[in-house]
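Next, two complexes with subunit A in common: one pairs it with subunit B, the other with subunit C.
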Partner chain A sequence: MNAAIDNHWYPVAMISGIDAPRETLLLGKKISLGREDGTCWVLDASGAELPTVERFGHLWTSPGQPNRDLFTIPEADSPGRRLVDVGSVKVKCSPLRAVENFLDIAHFPFVHTDILGAEPHTEVDRYDVKIREEVDEVWATKVKFYQPQAAKSAAGGITTEYMYRVPAPTCSVLYKTCPPRPGEWDVITLFVQPLTEEWCEVWPWMALYDDESTMSEMVSFQQLIFMQDRSILENQLPRKLPLDPGMEVPTQADMTSVAYRRWLKKIGYTYGAQLVAA
Partner chain B sequence: MILYDYVLSASCYKVRLMAALLGTPLTLRAVNFHPGREHKSPEMLALNPKGTLPILQDRDTVLTDSADILRRLTADHPEWQNTDDDRWLAFASDLNDSLGLARLHDVIGYEADIDKARAAGVSALRKLEAHLTEQRFDGLIFLTGSNPTIADIACFPNTALAPDGGVTLDPYPSIRLWMRAIRSLPGFIEMPGIHRLHELAHPA
Partner chain C sequence: MDWVAVGLKEDVPPGMVIPSRISDTELALWCTPSGRYHAWSDRCPHRGMRLSHGFVRGDTLACIYHGWQYNEAGSCEYIPAHPKLTPPDTICVPTYACAEAGGVIWVSLAGTDMPLPVLGGRVPIRSLQISLSAPDLAAHFGAHSFTTIAVVSDHEALLAVQPCTDRTCMVHALAAPDADRKVVSRWLEDLRATLEGVPS
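What follows is the complex of A and B.
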C-alpha cells in the first residue's frame, strides 16, 4: 500500500464498451469489472468491492481511499458539444510518459507532420505554467502554436491556443481553440490507466463543437494522432520518467513537463517514475 | 471510388497507399472499427456480409479483398503488376494473420495467442529477409524486380508496423532497405506508426 499512489481515481473502462465482465490490471494488480442493470462494479483480486465513479463516459475506480471526488470538467457539460468515446490504445510505456507526451507541443511538426504542426513553424513561444496549490493541479496557459489542421473541423492552417491541465497524476485535459466556434474551447482529454509501471492503457475522450464531422471521422482523427505518438512513446528511454533534473535536460518549451515532474515529486507519485540523483 | 476506411487498419492503408502512388483519387468514408465496431453494423454488413474492411465501391462493383482491390486499382497500370505477384499477395495474407494479429492484440486488445502470432511473424520476416537479400545480390530492390508492384504494396504495411505488435525489425537489414525504398517513392503517404522520410523529403 502506498496512499500517495493508491488514493487516486483511475480510468479502467469505457462504459459503453462493457458488454461482459472482464479482467484488467491496475497498478500491477488484477481487478475485474462489469456492468449489471446499468450500474458498473469493480472488484479487486480478493473479490472485495472497490469504489466506482461513472464520469466522462468512463468507469473510474481506486484501490485506496480517495480523499476527494474525481475531478470535473465543467466546460464539457455545456450544451451542443459532442461527446466522443475514442476507445483505448495500449502502450508499452510508463503511464507518466504518456501524460507527459500529451503535454508536449514541440514534437507536433515532427510526429504529427502537416496536421498538428509543420516545418518551419517549429518554435514554441513562451507560455505560463503554474501549480495551482488551491486545487492541487498543474496548469499551462497561453500556449500558442501554428497548426495546419488543428482539428477534424479545421478548414486550413490556424494559430491554435491551448490550455493544459493535469488534474490527477495519470490524467490530462487539454482545452484548445475551437475552429467552428471562436471563443469556445474544445475539450480533449487523455485518461491513462496504469497497467504496470511500464505499460498503460490510454483512453482519450473528447467534448467538441463540430456539427460537420461524423462520429467515426472524429474518432479516426484522434486515433490517428495518438497512434503517431505510440511508436515514439514505446521507444523513449529511460523507461520510467525521471523526476529529478539531471538525467534529461529540459528546454524552454518543456516548462509544462518540468512542472508536471516537480508536482509528481511533491505529491509523492512515484509509480512509473524514477528518483535518481543527477 | 469510395473506400470504406479505418485509419489504423494495415489493409486499408494498402489501398490508400496504392491509390496515392498512382495519383488515383479516393473518397474516404471513415468507419469506426474500434471502439464502435461499425464494420459489423447492419449498413456495413449489407455492403459486405463478411464484416471486414477495406471495402472499395466503384459504381456497381464492391470489392472486399485487399488483393482484389490492388489488382483493380492497377488494372490500367501494367507496370505495377508482375507474374510473381500472386505468391506475394498470399504471403501478405500470412503477414496479416501473424504480425497484423499481434499488432491488434497489443494495440487494441484483440484476443490472440500472442506468442504464436509473434513466432509466425518472425518466421515470415525471415523468409522475407532471405528473399530480399537474394534480390539485392541480383541488384534488385523490390520483391519482384527493380520496380515496385502490388506485391510490395501488399507486404509493406504489416511488415513496417511489426514493432506495434512487439516484433522488432532490427535484425533485418534487407527489409529495412526495402522499406526505405518504398517510403522514398514519389507520392508516398504515411500512416500512424509509419513515418515519412523527413531527411530525404527535404535534402539540404
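What follows is the complex of A and C.
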C-alpha cells in the first residue's frame, strides 16, 4: 500500500460499455467490475467491494481511501453540450507519459499535421502555469496556438486558446476555444487508467458545443488524434516518465510538463515514474 | 570494438532514416541527401522519442515528436517551438563512428583506428535474420571475430554479422560480383536452416 498512489480516484470503464461483468487491472492488481440494476460495482482481487463514483460517463474507483471527492467539471454541466464517450485505447506507456503528452502543444504541427497544427506555425508563445495550492491542481492558462482544423466543427484555420488543468495524477481536462461559439470553452478530457506502470488504458471524454457533427464523426475525429499520439507514446524511452531533471531537456514551451512533473514529485506520485535512484 | 555491419547501403537511400541496433545499443541510421551516413543513439534528448521515427530535412535529422533538428555532428540546431532561439550546445545526441564501404554500412560503437573491412571486390547480396547469437554463429565457422567471416568454398561469400539479441543476429552477405544472386540467396537460406537446426 502506498497512500500517495492508492488514495486517488481512477477511471476503470465507460458506463455505457459495461454489459457483462469483467476483469481489468488497476495499478498492477486485478479488479472486477460490472453493473446490476443500473448500479455499478467494483471488487478487488480478494472479492472486497471498492468505492465507486459514476461521473462523466465513466465508472471510477479507488483501491485506497480517497481523502477528497472526485473532481468536478462545472462547465461540462451547462445545457446544450453534447457529451461524447470516445471509447478506450490501450497504450504501452506509463500513464504519466500519456497525460504529459496531452498537456503538450508543441507537437501539434508534427504529430497532428494539418489538423491541430501545421508548419510554419510552430512557435509556442509564453503562457501562464501555476500549481494552485488551494485546490492542489496544475493549471496552464493563456495557451494560444494556430490550428488548421481545431475541431470537427471548425470551418478553417483559427488561433485557438487553451487552458489545461490536471485535477488528479492520471487525469487532465482541456478547455479550448469552441469554433461555433467563440465565447465558450469546449471541454476535452483525458482519463487514464493505470493498468501497470508501463501500460495504460486511456478514456477520452468530451463535452462540446457542436450542433452539426454526428456523434460518430466527433468520436472518429478524437480517435484519429489519439491514434497519432499513440505512435509517439509507444516509442518514448524510457517508458516511464523521468521525474528528476537530467534525463530529458525541457524548454519554455514545456512549462506545463515541468510543473506536472514537479507536482507529481511533490505529492509523492511515483507510479509510472522513473526516479534517478531507479 | 571492431566495425560492425548494421545495414546495406541500398536499405538506407539518401534522405532516409531507419532503426538498427548492435546488441543493446539501439541506433537511428540515416543518410543525408548528399549520401553521408550517420549512426546515432535512437533517442531524442528532449522527450526520449525514437529518432528512427523522424525525418531527414536538408542535412539534419528531425525528431517526429516536436521537429527538433540535429545537424550532422548530432547537435540540436533548431527548435520549432522557439524559432528565434539558438539551442545551447549541451543539447546533442550521442553519435557513433559510421562509414559506408562496399555497399555495407559499418558502425563502431567505441570508435576505432582499425581500417574498414576489406571486402575483396565482393558485392552485397542480401541481409538475413538468423535465430542464433552472433558468437554462436561465428563459432559455427570457427571464427574468432564476427566482423566478417569468409566462406571461400561457397561462392566466395563473406558474411558480416550484426549482433542483435542473445538469440538473434543479422547477417549481411556479400559474394563475388559474378556470382548468381539467386543461387547465393538460396544457399543463405539453407545455411540459416542448418544453423537454426531446421530441416531444409
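Keep in mind that, in the parts below, the second predicted complex is superposed on the first by the 276 of 278 C-alpha atoms of A that agree within 3 Å, B and C clash if a C-alpha of one lies under 4 Å from a C-alpha of the other, contacts with A are read in each partner's own complex, and residues count from 1 in each chain.
Keep in mind that, in the parts below, a contact is a pair of C-beta atoms (placed from the backbone, for glycine too) under 8 Å apart; a residue touches a chain by one contact, two chains touch by 3 or more.
From a predicted model like this one, the values you see are computed outputs, not experimental measurements.
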item	value
Combined model on subunit A: subunit C and subunit B, fit or clash	fit
Which of subunit B and subunit C A:227 touches, first, second, both or neither	first
First, second, both or neither for A:7, with subunit B first and subunit C second	neither
First, second, both or neither for A:214, with subunit B first and subunit C second	first
Contacts of A:86 with subunit B and subunit C, given as first, second, both or neither	first
Partner chain in contact with A:110 - subunit B first, subunit C second, else both or neither	both
Angular separation of subunit B and subunit C about subunit A, which is computed from CA centres of the superposed model and rounded to the nearest 10 °	50
First, second, both or neither for A:32, with subunit B first and subunit C second	neither
Partner touching more residues of subunit A, whether subunit B or subunit C	B
Nearest Cα pair across subunit B and subunit C, whole Å	5
Subunit B and subunit C footprints on subunit A, overlapping residues	110-111, 119, 231
Subunit A contact footprint on subunit C (complex, rising order)	26, 42-43, 45-50, 53, 63-67, 79-83, 85, 90-91
List of subunit A residues in touch with subunit B within their complex	14, 16-17, 85-90, 92, 110-111, 113, 119, 201, 214-217, 219-221, 223-228, 230-231, 234
Parts of subunit A lying in touch with subunit C, wherever the complex brings them together	106-107, 109-111, 119, 122-124, 231-232, 235-238, 242, 247-253
Subunit A contact footprint on subunit B (complex, rising order)	6-8, 30-32, 34-36, 38, 106-109, 163-164, 166, 190, 192-193, 195-196, 198, 202
